[in-house]
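Two complexes are shown next, each including chain A; its partner changes from chain B in the first to chain C in the second.
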Partner chain A sequence: MLKFIRSHYWNLGLCLILVALLVFTRIIQPNYGASGLESLSRAALPFAFATAAQAIVVIAGGIDLSIASMMAVASVTAAVLMDGASEQTAIFVVPFVLFVGVCMGAINGMLIVFTRVPDIVVTLAMLFVWEGVALMILHAPGGGAAEWLKGLLIGSVPIYGVPETITQFIPKSLILMIVCIGVVWLPFRRSRFGLSVYAIGSSSLAAFRSGVSVNRTKIAAYALAGLFAAFGGLVLTASTGIGAPIPGPYLLASVAAVVLGGVTLGGGRGGLVGPIIAVVILRLVRTDLALLSVDPNVTAIVEGTIMVVVVMAGGLIAVRTRHK
Partner chain B sequence: MKKQLLKATLLGAFTMSLMGSAMAMDYTIGISNTVQGNGWREEMVCAMKAEALASGKVKSLNIAHRNTDAAGQIEDINNLIQAGVDAIVINPANPDGVASAIKAATDKGIVVVAVDQSVSEESAYVLSNNQEEYAYLGAKWLFEQIGGKGSVVYMRGAAGASADDDRDKGFKRALAEHPDVKVAHEVFTGWQQDQGKQQILDYIATGIPFDGVWTSGIDNVIVDAFVESDTPLVPIVGADNAGFVGQLNSVDGLVGAAVTNPGSVGGAGVALAIKLLEGEKPAARTVLVDPELWENATEAGKAQLMAAADPSLDPEWPVSISIPGWTNYSKEQIIACKGPGE
Partner chain C sequence: MANSPLLSARGVSKTYGAVVALSNASLDVASGEIIALMGANGAGKSTLVKILTGAITASSGEILIKGRKQAVRSPAGARAAGLVPVYQEPSLIPDLDVTDNLRLADTPVEAFRHWVNELGVQNLDMGETAHRLPLAIQRVLDLARALASEPDVLLLDEMTAALPTDMVDKVLEVVRKQKELDRSVIYISHRFPEISAVCDRANVLRDGETVGDVVIEPGVEERIVELMLGAPVKAAQKTVAEPASEERETTKTAPRLRVRELAAATKLTDVSFDLRAGEVLGVAGLEGQGQDELFEALAGMMRPSGGSVEIDGKAVEFNHPADAIAAGHVYVPGDRADALLAQRSVRENIAMPFHTKPRQWGLINMKAEKAKVDMAIDRLQIDTRAQGEVQRLSGGNQQKVTIARWIALGVRTLLCFDPTRGIDVRTKREIYPLLRELAGQGSSVLLYTSELEEIQLACDRAIVIFGGRVVGEFSAADADEPTLMRAAYGLSDASKTAKPEIGV
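On to the complex of A and B.
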């Protein structure tokens, strides 16, 4: 038990913050309930995928500045293909868009590996490239989305035999998030490839000397990030019903959630659970500020301050436990 | 329900006894805007605050004002629903993308008014500036001004924005009517002053001659760029921003036109929301505010521009700070930019 707490102290801390925030929300808005949680989870969805994408790359010792742009490409591709098409067509659109995401990520990774230009420079350049590609596919917001895809995000999950008073607290979007990320992340984490990603993030030289193919692992990590970015783009299209070629505020938010979620920016440490809880915390903070009707210009300052304080406090705890 | 009943009774009692001279100040209005740090949008938000204050019927405003996309606006609208507002006034990120959130709000009995741009969701009321007409009017004037032939620099707004797309339609319509006019250069200013200025300076530096400039509202810095680089002025079309209107009145040799695009439409949106809350319904779901063109090539136009000029405003603010028949605030109130309780 103690060992579990020690090894997961960051995630447990984040959970505590989340619970405290939920209690606080309930105090300032006594009506906050199932519908509030549902819209919170829906709002967190694109951020969660962007953050998952960023986390994998950061764990591998890199950084991907093109995530929001890749999401835009995925979003417009999906919206254009589904526009006016039948509901069944969309079943083929989803895997295709995910494949496009993997390809985009792999291109990012290959450019980094083969040109030996630093990650931050390549992905900064690709930010503009993917943004341009998105605008070429769709020059203004438009397109469409299949009804069943939109329906995947809205409402709660009915479970046979469980009364609705309980199931209404289980938003579909939350289940979608957990399933999509879990299906990719859990096998990955336990696989040889997952271990290699952590290894190259820790020290690519040591990993190389231990027989890890650094280049291949890096490309694969970026490809996986592309996959999550494509998931993010798909949920954007599903939630808005259209594709938007201008990237949303997902890049900086993903970096913020990754840091808050306990992933070391240098690479090699962290997981996905922390960053995802961090995403929900950051969204809930925004909800609370909206409920309190705080001046919008102050909102951004508050969000930034919370991040700095939490990361600093976390760093302090980490240093103290190491000294013991 | 109980609260509403009480509200109605109270309102009734007040109107009966005081003949409407005193009103209950108990509406909470939510605002959602997705572009921050742009003079036009800042004026819009200030107009919303000023109207809420001037009406005397709004207890507080709950403002979500940040740079985000349609998905972010859905989040903001949902948060406003959770906050229990009576009405929401939005400047939609795009016409279709926020439909689901608007539906969720109106299903809960919340009044939704979209300003500046239209929305497809039919339960919302729309008070929008006619963006296609905005571009058509200015472009047509420009093409006629240069004699129906020549080349123009086309300085658009933000790539992928729906207002920019609508304006492009209007511009292309005018272009089709003037077959001898060519677009020498097309750029996206992103509605950023510094970017637009750099872009025109870069183009001037190429030495390729051109006969006119059409801008999507990034205008006064374009005139500055000509003046500072000692380039002979060509006709320039912009919006009714205070800085540009001032230049049309004062810069020697500048021929140009300002097309109105009032940011005060935000204040009108709040006024409409209050009317709806009080049970007054407008004749149509959509009200389009049509633009006007003020040019300094004729005496009549000059007089219009002189009357419109207002050096006391921020140069990035449109001079049309109020919409007659809609807004009730004073100039001091919109410049102060304070809402109820601030």
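On to the complex of A and C.
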């Protein structure tokens, strides 16, 4: 038990912050309830996918600045293909878009590995490239989305035998997030591939010497990030009903959530649970400040402050526990 | 030797542009043989090891494994061919726990546990993250992991550097056991006692070329040293010089450094000693007895929790390494990486402490700086062929740069923490006289070393610390290895403490 606390103290701390924030929200807005949770979860969804994508790359010791642009490419690809097409066509569009995402990520990874240009430079360049590609596919917001896809995000999940007063607190979008990320993340974490990703982030020399193929692992990590970015793009199209070629504010938000979620920017440490909770926390802080009708500029200052304070507190706790 | 050796390298060379790292190396290993690979600084040992284990590819030459020509292109390829290395630095993934580290390389857990036991590590927590384990344990786990994969040829690069003595014995025992299992070992070390204890033959490299293959027998050490150096040399001589008597008299009143009941962090509890001007004082001890904290506290890197430090009779308190440096009280850390700017040039590394204060941040007087730097390079005979980046120098030359920096600045007290760890014989033999020379010019030297025979070679006196206290003080004449060893284990009369626990 103690060991569990020691190894998960960051996530437990984030959970405490989240609960405290929810209680606080309830106090300042007594009628905040199921619908509030539902819209919170829906707003957090694209951020969650962007963060999952960023987290994997950061764990592998890299960084991906092109995530928001890849989401835009995925979003417009989906919107163009589903525009005016039948509901059934959309079933084929989803895997295709995910495949496109994997390819984009793999291209990022291969450029980094083969050109030996630093990841931050390559992905900065790709930020512009993917944005250009998105605009070529769709030069203004437009396109469409299948109704069933839109329906996936709205409302709550009915569970047989459970009264609606309870199920209304389980938004569909939350379940979708957990399922999509869980299906990829759990097998990943338990596979040799997952270990290799942690290994190259922790010490690429030691990983190389342990027989890990550092280059292949790195490409695969970027490809996986591309997959999550594609999920994010699909969600964007599904929630708005159209494709948006201009990247949203997801890049810096994903880095913020990754850091807040306990993944060290040097690589090798952290997981996906922390960053996802961090995404929800950052969204909820926004909601609360809006409810308190605080100036949006102040909101940005508060968000920045929270990030520094939490990471600093986490560092202090880590130092304390090490000396014991 | 068998007709078809297990591993055979012929005429292997490696060039980087115009630089020849290895010109003509040959090596034969039969099954069940333990071979020492020896050579001075930059002789090409590391390059040969990297080629054999697939970390780099040779420019020419051939490598035969079990009589068949085979190109090993990656560490994974070497592993598949039965060649498993244990490198000088731990290669466990720092952020993964022990179990995950084993999974990563598909190491059989049962065999791993077996070897961990053989190596004397008890109560290993397999769920512990690697970077939380002590360095010595990490190294031993590295070895156990290599052994568990049942290699035909095991390459050990400076395996025993930085290991406490009792662990060294276990390692040697396990290496010997490989012979019975008909497996071969290539053993790289600078320590003659270990080599004569376990090896059958020694393969000697000099300037990138294999210059000898000698059978290990009593008295072969001098021959090997001759081969490594390329010329007959005198045996390492005890260079202890009696400090001039008048000097001793003048310093009787206030020693250069007086340390009383110093305590810091958890490991350093109560250390007192005097260090006179013109004296080299040795510090000996097992791993983790407080020596790291002692040096860090004296260098101003860690604030002591108790006790006092006096320099020339005046109490001092260092809050920052800069304070210590300003007092001419300088530190050469055990890990060279902690002292050097790896990507910068030799010149910048040596000149770094010249301009530390903000008011010195202006233009640099290049001429004056160059003169000082060249003087230091010349004095230490640093090989400056690759001076553009310090990280491209050999380990011994890097170590010289860390010392040259302080000589160029001017030093009153040199705190040297294990300066000869993992460096070659030739450089070692340059470092002892250098320390003596500094002392002869009136500086003081505090020298911690993990190789006990160095104490008599370089020091006037020695103190032994155990469990954070001084448990013995010896003059150089009495400080032979067995005496120091007994004291280091807490077995001397001064202390009746039980044998230390070394485990996890």
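As a working rule, the second predicted complex is superposed on the first by the 324 of 324 C-alpha atoms of A that agree within 3 Å, B and C clash if a C-alpha of one lies under 4 Å from a C-alpha of the other, contacts with A are read in each partner's own complex, and residues count from 1 in each chain.
Note that contacts are C-beta pairs under 8 Å (C-beta built on N, C-alpha and C of every residue); 3 or more make two chains touch, one makes a residue touch a chain.
As the structure is a prediction and not an experimental result, all values here were calculated from the model.
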Side-by-side fit of chain B and chain C on chain A, or clash: fit
Chain touching more of chain A, residue-wise (chain B, chain C): B
Chain B versus chain C as contact partner of A:3, first or second or both or neither: second
Partner chain(s) touched by A:39 [first = chain B, second = chain C, both, neither]: first
Contacts of A:222 with chain B and chain C, given as first, second, both or neither: neither
Chain B versus chain C as contact partner of A:192, first or second or both or neither: second
Touching partner for A:206 - first (chain B), second (chain C), both, neither: second
Which of chain B and chain C A:268 touches, first, second, both or neither: second
Vertex chain A, arms to chain B and chain C (CA centres, degrees, nearest 10): 130
Overlay on chain A, chain C to chain B nearest C-alpha distance, Å: 35
Contacts on chain A seen with chain B and repeated with chain C across the two complexes: none
Residue ranges of chain A touching chain B (in the complex, touch as defined): 29, 31-32, 35-36, 39, 42-43, 46, 134-135, 138-142, 150, 154, 236, 239-242, 244-249, 283, 286-287, 290-291, 293, 295-297, 299-300
Residues on chain C engaged by chain A in the complex (per definition of touch): 55, 74-76, 79, 85, 87, 90-96, 100-101, 103-106, 127, 132
Interfacial residue positions of chain B with respect to chain A in the complex: 36, 60-72, 74-76, 78-84, 93-94, 96-100, 158-162, 164-165
Complex contact set, residues of chain A against chain C: 3, 192, 195-196, 198-199, 201-203, 205-213, 268-269, 322
